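I've put the structures underneath this note.
In what comes next, chain A is part of two complexes: it sits with chain B in the first one and with chain C in the second one.
Entry: the complex of A and B
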């Protein structure tokens, strides 16, 4: 029964997260990613919820005699702990990226053809220490060449 | 001695490049030293080889895979090796003058000598896989030589075509070699040929194997319908065309057929495939040659035709046919190579190869004219040249066929050969007359503005003179040169008796008939050319290009579909793949594991809290403002945290709480600074599609969660961690797992965090860009 509740929760979270990820809006994408992490963490957590028990902390180490049946499974918890931290790193980085993109373009713009939320044409927006971005020009030129080839 | 020579050859080219030979006046002569030495050594092997003692060498590479560099120079290998090294000597000298202090001479030599090494290795390899490696070596060097002129689009496309066609053939051939190795139990060629022929021909896999072998040989030797790559390869510098694309590399296919001839010649498939394809190629090449005006194009199609002749001859398992093939190979190398070189000199001297702009070159370039005429009458097959002997043997083959009772086939072949012979005569005469002898050209005549030095013409003359002299010394060389090569092809002793003059035989009369017909065609050439301009042309090249383009479009289409330019498609495809395929596998194999444990009753809060999370998640999906979405996300996070609390995971709850707060702060901070920008609404059908994908992923997640909560599919190691936690001096088992048992994983996790932190810091801190530069300025700079 608990498993069913968990599965239902995971299902709804995943569906909503996917829906958000599929939107063009970068903010929704970041939030979708956060939601997806919750779903996956709960999926892993669901492996150990059927059997109740104490938190896996051995209070009295001296008298511990190998009786582990009273504790819940520690392994999913260890996995999820890592997952939470790493996904936070990713979300934080994405947020920084969004901020950066915004500072470059001032407005989030998007054309119909390129609806990648991180797609922008940096070369049109860049000036400043020019030699730092020489390579970007090459990238843009290459893209233009490829595009013209593609359309041919 | 052979391996050192191969290494020496391979090193010579790069060494010349490093020495920057283009600065030297007569660099060609220096370059010619190595191939000349190799030629001398090969000549010295002729005597022993005729006695049946061959040079063999073995360098084992990987015994387990049967990979060894087995080299064995038998009569056939020696024969081809002599052509490779001998022609190579002449070409090396010639190229030195052709490139005339161009800085790329060294590069050319590097490629040329690498090719020479590959080709020599190819003809001396006694291991199928070694042969394949050398074979590919010739393909790659050929590709680089064709695309030598990097600015020329035709050259690049021609090179690509040649590489793709021969490369596909080589792949087929590799497959056939593997099959052959499986069938024979050995990759050694001599071992293969020593087997009784029936072991192979009676094998169940014989037919597919043979088809693959033939594909390899036919693509390499430019047989119809793969012949189109050879004329395209003429964009290569002329020394390369003369060497690779007439004398040596294109004969690699012929060599392969000759090499395997003893084992396969009994098979009817072999006979008919070679006969039909070779015969067609012979006719097609000869006919198309007439429609071209470019010297090199004419010669290229003539080469195609000649290759067809050789392939056709190898269909037969008779002494005459084999002799004709061997003589044909050498005769062709000795007239077609020089003719190509002449074309190069003409191009060099006048700046054009268009025959309509040329006239009277025999007067302005007498030495070149002499060489051209000598080689040209050999190509036409006019007595008393080497080419004449080759054609006589070719005719003799079909007369022998008629005598042997296959009169229909014999007559058909005879007619085809006479027509081809007549066309050979015709375009030889056209070449000689129009370029060298006539007084006026139809188009504005090109003048000789850059006369070649005598040394430039010398290698051409040397080759033609050798070709012209050979027929007069048949009695002294026929056994050593043609006899031992022919024996290797036939698989039985062959003692050819060649002569220039056989008397007024029917063969000679037929030969005269061909020459007469050729003369008629020559006189009617303008009319034929006019006809050609109206006739449709078979464009193998267009078909090939179409196929390549179609492949590219397919790749583009599949990339767009699977990967896409937009993020939704990029993420949608893998998610659907997960939901679809994994879902299918789950429902098929694990359906019994998707059990619900009805006994574990949740408490009231454990039902209400998930419900809250569900509502919050749906609210995010429908949220109109960013702030409400962020708040709802926080709500979901809090519920998850509480779930961790209820199910005895205090560490998780703590971490989740901290992370949740941090995320919330970050999101609010950043989005507060980003002005809101409304996105255009998705079209209805796309929204619907995304909704479907989302639902599929949700269902998949449901299944996965149920599966995860069910019975463990494999043994768990949790108890090990729990039991040994105290041994690691810890009470909190989760913490012990993280920092002790799986410490390196945590180190990895920390590294990820460090990278993310550094990346984020760099993104936020580097403010050396100002937004929205004027576009105009950039354009100016790009144009400048």
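Entry: the complex of A and C
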């Protein structure tokens, strides 16, 4: 029964994630990715859950006489912990990138753009290394100014 | 033997230690910090190369497998690291490329050098090395993520507009692929109760065929999009030309090959029978990957985009090797795989050299456009770079006596032995188109009159830039001329990869519940 609930939950989450990932709006894509990773975490969690789930802690190993199969498998929880940290980090980085993009250019509403969710102004979407490096120097300077502000 | 097994931890631990140490000095962007980080990165890559060569000697030449049980936990329970000839060959190549790229970065990098470039590079090295040594599926996933995480930051380092845009595509598509990989790992654990590769190989026989097909298909999607296979490669040309040339060079040489390595490792081990039944499908993907890659390369107009598309087309050749691994002919069985592995060796060296040379050309001329009035006439401004680029380009196209010729010959022979003439024809056609594309690069970028282009603010340091490229190109020529020993290592690697029983015995997973119906 509980496995069925998990399966249903995972399916619903996956469906929502797919729907959001297919949207053009970048923020929806980020939320979709978050849901997608959560769905997978639940899926792995579901593999460790049994009907009679005792916590997998055996205090006295010498006098243990119970049935191992009554305990929950602890490994999936360790796996999920790792997976959560990784997906959290990546989604955080993605949000930082999106923020960076928005601060670089006041783009008109991204939902208006049909072809490409990440498209920017045509001048910046040009390929190659056509931009000059002065631009980057400004960034470095800005960082230094920010750092010196922080240290005061 | 036990003492030596601990060496397996070194390719992961050494970069980690050096990266962490060089982060400690990163308090403020100044010249001293950059010098310390450079030195640490150089020491780390030299040490890493030493360890990799040590492992190569033990595995590829002596034909052993080395297994490290972390914390002395027995196989299915603890973390297992396994090195065989394939792992060691990949580790050695990675170490070589990393050394070259550190020197190249010293010569070419701009302000981004101060933004912790070298620690990020070392974290990337740690992830790649770990992925080559992982003995279970979940650690493979974790090391994939380590290398992806550092590659995300390296790709968008500096935060210029087109870098941010390319980075977004790269991150989203790679996160989806990783999540598919994680799903597969979850399903495998849920159904087969283990994640250790050797243990999985034992138990896979218990799984119903439908489950095996689902798992194999999901892994093909996950690794295929990392490797840049035919329908899943779109993130690569969207992002690879945006970062600094040093970053493009290491990505083009290294990252897609981790996906290829995973395919080469997992498929023969877990799904040997699917390798035979899916052979037409795998070869179809290989052919389409080659063709789309080379056509894409002919359609784009900047030097690094052309070279990025060639990464895709070359990945097709490697998958062709995987497809030929399962041909019925006993003689050709190991041969196709060995040719594929040899192709990886050739490709990693030559592609990195080409991307480095192309990037240096871009930096010298201040533009990468292959149009009249932009890039052009570089042979007059920097003749040595032009010579090196010429040799590397013709090695990529497969002109003798370069390594490209030997590797393509090997694949062709394997295809004809297996009676797969369509893929042989496609590979020849793609070879020809690659040659055309390289000639176009040469004509537009290096030959011709020196155009009046604007001079960049900072030209690359000539010898620091040229030295690593020359080293790699000479290596490619050396492998082409003295191909027998290297092909011998590839042969050993292919035999070890296809020898499932040997792998299982080497890792020796202790099974709590004895598997029923397996042949072991």
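In this section, the second predicted complex is superposed on the first by the 89 of 152 C-alpha atoms of A that agree within 3 Å, B and C clash if a C-alpha of one lies under 4 Å from a C-alpha of the other, contacts with A are read in each partner's own complex, and residues count from 1 in each chain.
Basically, a residue touches a chain if its C-beta (ideal position, glycine included) is under 8 Å from a C-beta of that chain, and two chains touch if they have at least 3 such contacts.
These figures come from a predicted structure and were not determined experimentally.
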{"item": "Partner chain(s) touched by A:33 [first = chain B, second = chain C, both, neither]", "value": "second"}
{"item": "Per-residue contact with chain A, leading partner among chain C and chain B", "value": "B"}
{"item": "Touched partner set for A:71, first chain B, second chain C, both or neither", "value": "first"}
{"item": "Overlap of the chain B and chain C footprints on chain A, listed as residue numbers", "value": "21, 29, 43-44, 46-47, 75, 82, 86, 89-91, 93, 97-98, 100, 104-105, 118-119, 124-129, 132-133, 137"}
{"item": "In the complex with chain B, residue positions of chain A that touch it", "value": "1-25, 27-31, 34-35, 38-39, 41-59, 61, 64, 66, 68, 71-75, 77-78, 80-82, 84-86, 88-93, 95-100, 102-110, 112-119, 123-129, 132-133, 137, 141, 150"}
{"item": "Chain A residues within the chain C interface of the complex", "value": "21, 26, 29, 33, 36-37, 40, 43-44, 46-47, 75-76, 79, 82-83, 86-87, 89-91, 93-94, 97-98, 100-101, 104-105, 118-120, 124-137, 139-140, 143-144, 147"}
{"item": "Chain B residues within the chain A interface of the complex", "value": "556, 565-568, 571-572, 575, 596-602, 606-607, 610, 613-614, 617-618, 620-621, 626, 629-630, 633, 636-637, 640, 643-644, 647-652, 655-656, 659, 662-663, 666-667, 670-671, 673-675, 677, 679-680, 682, 690-691, 693-695, 697-706, 708-710, 712, 716-719, 721-723, 725-726, 729, 731-734, 737-738, 742, 745-746, 749, 752-753, 756-757, 759-760, 763-764, 767-775, 777-778, 782"}
{"item": "Partner chain A, residues of chain C touching it in the complex", "value": "28-29, 110-112, 114, 138, 142, 145, 148-149, 152-153, 156, 158-162, 164-165, 167-169, 171-172, 175-176, 178-179, 182-183, 185-187, 189-190, 241, 300-302, 304-305, 362-363, 366-369, 456-458"}
